[in-house]
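The following pair of complexes shares a single chain, chain A, combined with chain B in the former and chain C in the latter.
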Partner chain A sequence: MSLATFDRRIIFGVIFLAVAAPLIVPIGLVSEVSPGTQQFYDLIEQLPEGSVIMLSFDCEASSWPEIGPVADALVRHAMRRRLKIIGTSFLSEGTALGYDLLTRLTRQTGMPYGADWIYLGFRPQYIAAMLGMGESIQTEFPEDYTGRPLDSLPLSRQVRTYADMALVVSIADDTMPQYWIEYAGGRYGVKIATGLSAVMVTTFTPYLDSRQLAAVIGGLKGAAEYERRLGIRGSGSRGMDAQSTAHLAIILLVIVGNVAYFAGRKKP
Partner chain B sequence: MRRSLPLLLVGAFGFAMLVQYFTPLPAGRAIYGRVLEWMQVIFAAGLVLGGFNYARTHLRKVGRPGGDRVYSALALAALILMLAAGFMGGIERGSLFLWLFDNVQVPLQQTVFSLLAFFVASAAFRGFRARSVEAALLLCVALLVMIGRIPVGEMMGIGLPESARWLVDVPAVAAKRGILIGIGLGSVAVALRVMLGIERAWLGGSR
Partner chain C sequence: MTAIGIWMAAIGTLAIYSFLYRDNPIYRAAEQILVGLSVGYLLVITIKTTLVPKVATPILAGDIWGIAAAIWVLLMWTRILPRFGWLARLPLAVIVGAGAGLSIPAMLKARVLSQMGAMLRGQPGFDAWVGALGVISTLAYFYFTRPQKGAFKALARLGTWYLMIFFGATFGYTIMSRLSLLIGRTDFLLGTWLGLLP
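Take a look at the complex of A and B:
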């Protein structure tokens, strides 16, 4: 069978098995904690108890299996450190995903809404909203996600602008952190960190080197490393099993493809 | 007039916001705050307009004979259902809106996106060949990064994660940094051209 006539359903089958099998029967692979993940962990760890952080869910549902574990680990760490959380989003799908995640995790720990966390919801024009929050969060978001007046929530009365926040974290699958760096970080001086899909990490490393970003955590691997640092085994670690076997399957396919290619070339 | 007024407005607002950024005067901050509010109103209006346009386009398609009308009818039904669920039942956890989002939209989008893994694997098998020195180099780097980014690479204990990290953090970031600086300079140039009225493509039309 030549490469041209090779049935690609076999490749699809191999990838399906490589992804599905470790999700059904976990392997339990352990990721070493990389310096980047440790830097993010230390950043959260160094914030004083009661500090306010903003989590912006700037991602689409399609990338949530990769970004969700990052967000999950960060929220768990923030709750463990007793940080107060303000959630928001500048992508409509990220709005519901972020709200769902925060509601689920805060219910588990009994974190009261309004005092320890609030959810601002969605604004369509992110640049204006980012700049607007530097002037007044209450003007930008008069009501929270569910329509409650912001001034009726104790945490909101405590936080008026970025100056009252210790950190802004953008959970993103695209270039949204760049706007956070330019408009919130550049203009108002708030510290920015980001949790990204793995493919976006290289885009933001220059900002990390120039200290415009305080920390970057990337993809399922980053989530798995963060979970290890937190001493838990969550969706990042489980997903990393599947990602590992999928990578190995693709490497194997590339090697087989090249062997077949060179073997075919030698034939007269 | 139809073209000069928008050009004049863009130029005036562009330069006013530029000057405002470097001016600590209270009047400047007040104008800045008001402009930010206008931006939100304009974008929110654009969103509503987009919704109406979406509905109009699909209503037209539903009226036309052909197999595609079914999809347009479904798109309209989904729009009405989500609007009704959101406005009538709220958007909190446990609401119909969030249930539909979590159990219909999220799995659908994730399914479509996950198909990429199958196509990437198939394309890599068929097209990723060491046909030349450059292609062989690219192939080796790709394989090294792929294996260095998973725990198996760490377990081998031959410095694969460090090598993969170096490849991602040094050569790849060097190229990316160059691109970013280029984009930054290009953005400044385009912004100045728009503000000065040299760049007029955004106005539309043939001129």
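Take a look at the complex of A and C:
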């Protein structure tokens, strides 16, 4: 079989096996904690108990398998540190995903809604909403995601603008952290951090140098490292076994492809 | 997730992945359902969380600012009436003007001035030189006002190397990102759906 007639479905099959096998039989590879992940961990760790952080679920459902473990690890850490959480979203699909995650995790730890966490919900015009929250969260979101008046919730009476928050974390699969940096960080001075899909990491790393971002954590690997730092084994850690074997399979396929290509070229 | 939800998600996932074998009607049906659901969900959530509390409720309460804003927005629709189409320019002008006024200084500060400031304030050393050379040579590559000859060509060529390194790193992360999505779905199919995972 030559490269020209090679059925690419064989490659799909190999990659699927490389992903599925370590999920069924875990290898238990350890993800060393990188300085970037440690920086994010320290940032959350240094916040005083009872501080308020905003989590914005700026992602679509299609990237949730990658972003979800990042969000899960961050929320678990925030709950462990007894931080208060305000959830929101500027992408429609992220709204339900974020609410579902916070509901599930806060139920496990018994964090009461309204006092320890609230969910503002979705706004389509994100720049206007980011600027609006800098003036008054209650004006921008008169009601929470469930339709309750915001002023009826104890946490929202405590937090009026970004000035009352210790940190804003954008859980994003695209360029939304850029707008957080420009409009919430640049204009109102609130500290911004972001949990990203891996593909966006190179775009936002330069903002760490200029301190416009306080911390960046990226992709499934970032989630696995964060889980290790937290001392738990979640979906990020489980996925890294599969990630490693799939990378190995890709490297082998690249070598095989190149060898076949050059061997075929020598023939008359 | 309920049992029905798990089965629907599993069938949807398999329907989408069936494209890897070959294009087929099941894949296309799943694709159309996905697009329809996304648009429908966006529409409903926008009506529920924005149009009702921000437009309908103020109008029903007789809030003059709410009514004025709604009229202002409705002017956008005059484009469909040739005689009154010019009225649509009024809200459009406000949107463009406000957007430019807000975004130009914000973008200039965040993307240019703060980044340049960080480079200039950085600790002198190897990293700083590598960074500075990268910025200058990449800018040289995109400077088209004068022909790229001699030393300038060499500088621009160095810029392409910096770009290639960036693209390589981004591509590596992209592969990692896409594999993560496959891992997530495989984890769901084998674990949540079939219960095969430990």
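Just so it is clear, the second predicted complex is superposed on the first by the 268 of 268 C-alpha atoms of A that agree within 3 Å, B and C clash if a C-alpha of one lies under 4 Å from a C-alpha of the other, contacts with A are read in each partner's own complex, and residues count from 1 in each chain.
Definition applied: a contact is a pair of C-beta atoms (placed from the backbone, for glycine too) under 8 Å apart; a residue touches a chain by one contact, two chains touch by 3 or more.
What you see is a predicted model; the values in this text were computed from it and never measured.
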Report task. Return first, second, both or neither, reflecting whether A:14 touches chain B, chain C, both chains, or no partner chain. Result -> first
Query raised in the report: Is A:235 contacted by the first partner chain B, the second partner chain C, both or neither?
Result: second
Requested in this report: Have a look at where A:29 lands relative to chain B and chain C in the superposition and call it first, second, both or neither.
Outcome: first
Requested in this report: Could you look at A:201 and tell me whether it touches chain B, chain C, both or neither (first, second, both, neither)?
Outcome: both
Query raised in the report: First (chain B), second (chain C), both or neither: which does A:243 touch?
Result: both
Requested in this report: Could you look at A:122 and tell me whether it touches chain B, chain C, both or neither (first, second, both, neither)?
Outcome: second
Report task. Give one of first, second, both or neither to describe whether A:158 is in contact with chain B, with chain C, with both, or with none. Result -> neither
Requested in this report: Please work out whether A:142 is in contact with chain B alone, chain C alone, both, or neither, and reply first, second, both or neither.
Outcome: second
Query raised in the report: Is A:108 in contact with chain B, with chain C, with both, or with neither (first, second, both, neither)?
Result: neither
**Report entry** Contacts on chain A seen with chain B and repeated with chain C across the two complexes
**Finding:** 12, 15-16, 19, 62-65, 93, 96, 123-124, 127, 131, 145, 187, 198, 201-203, 206, 209, 221, 243, 246-247, 250
Requested in this report: Give every residue of chain B touching chain A within the complex, in rising order.
Outcome: 21, 29, 32-33, 36-37, 39-40, 42-44, 46-47, 90-93, 98, 101-102, 105-106, 109-110, 112-114, 117-118, 120-122, 124-126, 128-130, 139, 142-143, 146-147, 149-152, 154, 161, 165, 168-169, 172-173, 176-177, 180
Requested in this report: Can you check the complex and tell me which residues of chain C touch chain A?
Outcome: 20-21, 38, 41-42, 45-46, 49-50, 53, 99, 102-103, 106-107, 109-111, 114-115, 117-119, 122, 166, 169-170, 173-177, 179-188, 190-191, 196-198
Query raised in the report: Hey, which residues of chain A end up touching chain C in the complex?
Result: 9, 12, 15-16, 19-20, 23-24, 26, 62-66, 68, 92-93, 95-96, 121-124, 127, 131, 142-143, 145, 178, 181-183, 185-187, 197-203, 206-207, 209-212, 218-221, 235, 238-239, 242-243, 246-247, 250
Query raised in the report: Which of the residues in chain A come into contact with chain B in the complex?
Result: 3, 6, 8, 11-12, 14-16, 19, 29-32, 34, 60-65, 93, 96-97, 99-100, 103-104, 123-125, 127-129, 131-132, 135-136, 139-140, 145-146, 187, 198, 201-203, 205-206, 209, 221, 240, 243-244, 246-251, 253-254, 256-258, 261
